[in-house]
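First chain A sits with chain B, and in the next complex the same chain sits with chain C.
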Partner chain A sequence: MKRKAILASALVAGGAVFTMAMAQEEQLPTHLKELLELGMHPGHAFIDEGKDYYHSIKGANGKTCASCHGQDGEKLQGAYAKMPRYYKDLDRVADIDTRIKGCMTKYMGFDAKDKKFKKDFDKKWRVPLATYVASLSNGQAISVQLDDPQEKEMYKYGEQLWYMRVGARDFSCGICHTVLAGKRIRLQGLPDPVKNKLYTHWPAYRFGSDRMWTMEDRVRSCFKAYFLYTKQWDEKKDWVKKPPAHSDWVIALELYMKHAANGATIEVPGLLR
Partner chain B sequence: MKKFLFTGVILGTGLLVACQPAAQQAEAPKAEEKKLSAKEKFEIALANQDKYQKACSNPNQLVPEGIDLETFKKEMLATVKFPEGGVVGKDIAKGEKLFGDPKKGGKSRRGNCYACHCGDPQIIACGNIGPSLRGYGKRGIDPKDTYIRIYNSWAVNPCSVMPRLGYHGVLKPEEIADIVAYMHDPNSPLNK
Partner chain C sequence: MATIGRAVVRVPKSASKGEVVKIQMVITHPMETGLRKDKKTGQLIPAHYITKVEFLFNGKKVTTLHTGAGVSKNPYFAIKMKVTESGTLTIKYEDNKGGKWEKSAEINVS
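After this line comes the complex of A and B, so read on.
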């Protein structure tokens, strides 16, 4: 309900005119094209919602995101351009979803095992917050550095995973997004996120499912939809196996793709089918 | 009662040993002990990668140098199991459904051929990854070769992007035979 209200206000308020890549624009339905021409973007509702959470969510110790990162995220500008990267306090390479969860459990006093927190984080807070924080780096160039040995290792693993053919369909990420890039699965074009630096517009609003997706959602959903894992085929049981959220597998792939997008300008939120 | 249980156990173990492909043996006992976590499931999924998939897992997604193509093909061909009734099945309507149900816009969660191939001219939403299959039955292709290609495309074209549908059990031999029948039938919309 709230999201709808925000969406409406965002649409009324309008925003900067959005320039999108031609290839994407061609896929957009007419009403969305018109909205974009008026400077309205459905994803902006998520930014507003995230900004709201950024200032309002209080942990057990009374801290909000703003307590550490400043009013309106002033200390977070450009942070997303360097993610995923190694964080000393978390002692791991983290992407934006993982970093935000780490902040909430480590510094705001949320209990990572608390069921209500888990639900709130996954279903309500994660995507808007990630979108908001990402949008604070708009206009900046992606600059993922592989300085830390853990980052280097993760990058290598990400590249390996990209080309790793597994499952009952013998697919890898690279089959569709490197080898077959430019072709169509049915009528859906296959982009090459590595060569074309498509990480710039993630998190993205996907009008097909009417949802905002972070790259974690995208990667996990790819595994869910296109890889089948067990050899004994059973449509219900064997269809879906996706890597857990915040797992190294997901982050490694994100790191691989985002490193490839180095130098390109961040433009969040994206708009996709 | 005890006897019944006992037979059950024996039967169960026998089935397990007989049916498990080598790659899955590690997974079977675990699955019975407890419900697996998402992490464990994914680990198993990655560990299930077979040696042929491993060979194809390089940036070119092709057979790397040092692996003999002919041996690769021969080994893949050896995995192809043929149905008792021959490679051309009888149930053409079923074959069509598995290929892509025209009533559902050519969709099918099994064969899903239209994802990559065009076929029935009525189905416009077809991919351009594989060659068009329009008029396939008129090309003089041996149905046996069609069957092998669907069962295990790597027996013909190693590391091809086409899934090895029979090899992985996504389609049963009889089901592939029905698809072959649909593709070669002169009255099929593919060949009209």
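After this line comes the complex of A and C, so read on.
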């Protein structure tokens, strides 16, 4: 009996050591820690630029973002914490990218089919504006509510998509980020965005590719890189495609992840490798 | 892609006399080395990088950084400086294609 007890205690101690090692492993790599300690990174240049665009972009109606939302985004504080949510004027659940595009085409008088606007919006305006608007909610807790029936539907769709295996590799988001979470791919640890409330630092600057990304870019790029989606898009016929920007597919996943992160504090812009 | 040459400078809001303060800045710049090829056309992308960053405090030179193609994209610079009086910190920087920019920030010393 005694021997058994000793063995059991040894096992427990072993377990404790093991969990401690796991916790240490999960800490940030030192170079990333150093970069965070600097207190400033290229993401902040995007906030600065977004602030300029917020006051300077003028549509055909002569309106800027500031003419509705107030100087320096007074009325937008805390707006990002509730996104994605259902908007009556757009008649859909929208995330930050979609909301900005909706504002521009609906109230500022840009034509959604105009090629120049499309190019400007995608290449120049979208990311800085999204970063700026998101940064206005810094320090607030994420609180995505599922009050509207459309939101509830979207949430269910998002949960379904999270575990749905698609593409040439027969992969799902959940395989890496739920089932294998905490393990590694090559040197990178796999985080669990649903359990660990990891939505707080998006949009984020990635110093591996030196680009600022919103969550929409991140999700779409995952589908292209890891799921091997092809160029044509028909979710019933052809599974192998990158989902179009602002589609329900992307927004549902965003809603699912952000709802899981409820209560966590927003820190934008984030810094990732 | 942010506009080339845009910079963000961060200085402490207030400092005591004789304190050593940290000045941080980030410049948005592609910093092309001139050795990379365009994946679509196969042509070399011409070199485009910051060559000089100059820090001036109240018109007096603090330091000059001579940078080259080895510096990363969107570079971060930081210096430590002893302040004895309030004034304006001006940072002038230029690249090899003739771009010249200036950015300034106020430091209050009490």
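We take it that the second predicted complex is superposed on the first by the 224 of 273 C-alpha atoms of A that agree within 3 Å, B and C clash if a C-alpha of one lies under 4 Å from a C-alpha of the other, contacts with A are read in each partner's own complex, and residues count from 1 in each chain.
Everything below uses one rule, namely that contacts are C-beta pairs under 8 Å (C-beta built on N, C-alpha and C of every residue); 3 or more make two chains touch, one makes a residue touch a chain.
Remember, it's a predicted structure, so these values are computed and weren't measured experimentally.
Per the definitions stated earlier, placing chain B and chain C onto a shared chain A by superposition produces no clash, and the two fit side by side.
Contact with chain B, but none with chain C, is seen for A:Gly174 once the two complexes are overlaid on the shared chain. If you count the residues of chain A touched by chain B and by chain C, you find the higher number for B.
Of the two partner chains placed by superposition, only chain B is touched by A:Lys242; chain C is not. Touch criterion met: A:His44 reaches chain C, while chain B stays clear of it. When both complexes are overlaid on chain A, the residue A:Asp91 reaches neither chain B nor chain C. When both complexes are overlaid on chain A, the residue A:Val166 reaches chain B alone and has no touch with chain C.
Residue contacts after overlaying the shared chain place A:Asp147 against neither chain B nor chain C. No C-alpha atom of chain B lies closer than 18 Å to one of chain C in the superposed arrangement. Overlap of the chain B and chain C interfaces on chain A: none, as no residue is touched by both. Contacts from chain A toward chain C in the complex involve residues 38-42, 44-46, 48-49, 123-124, 128, 210, 212. Of all residues in chain B, only 19, 21, 23-24, 37-39, 41-42, 44-46, 48-49, 53-54, 56-59, 61, 109, 114-116, 125-129, 154, 161, 163-164, 168-171 touch chain A in the complex they form.
Those residues of chain A lying in contact with chain B across their complex are 160, 163-172, 174-175, 178-180, 183-187, 227-233, 235, 241-244, 247, 249.
Listed in rising order, the residues of chain C touching chain A in the complex are 1-3, 6-8, 10, 24-28, 72-74, 76, 78.
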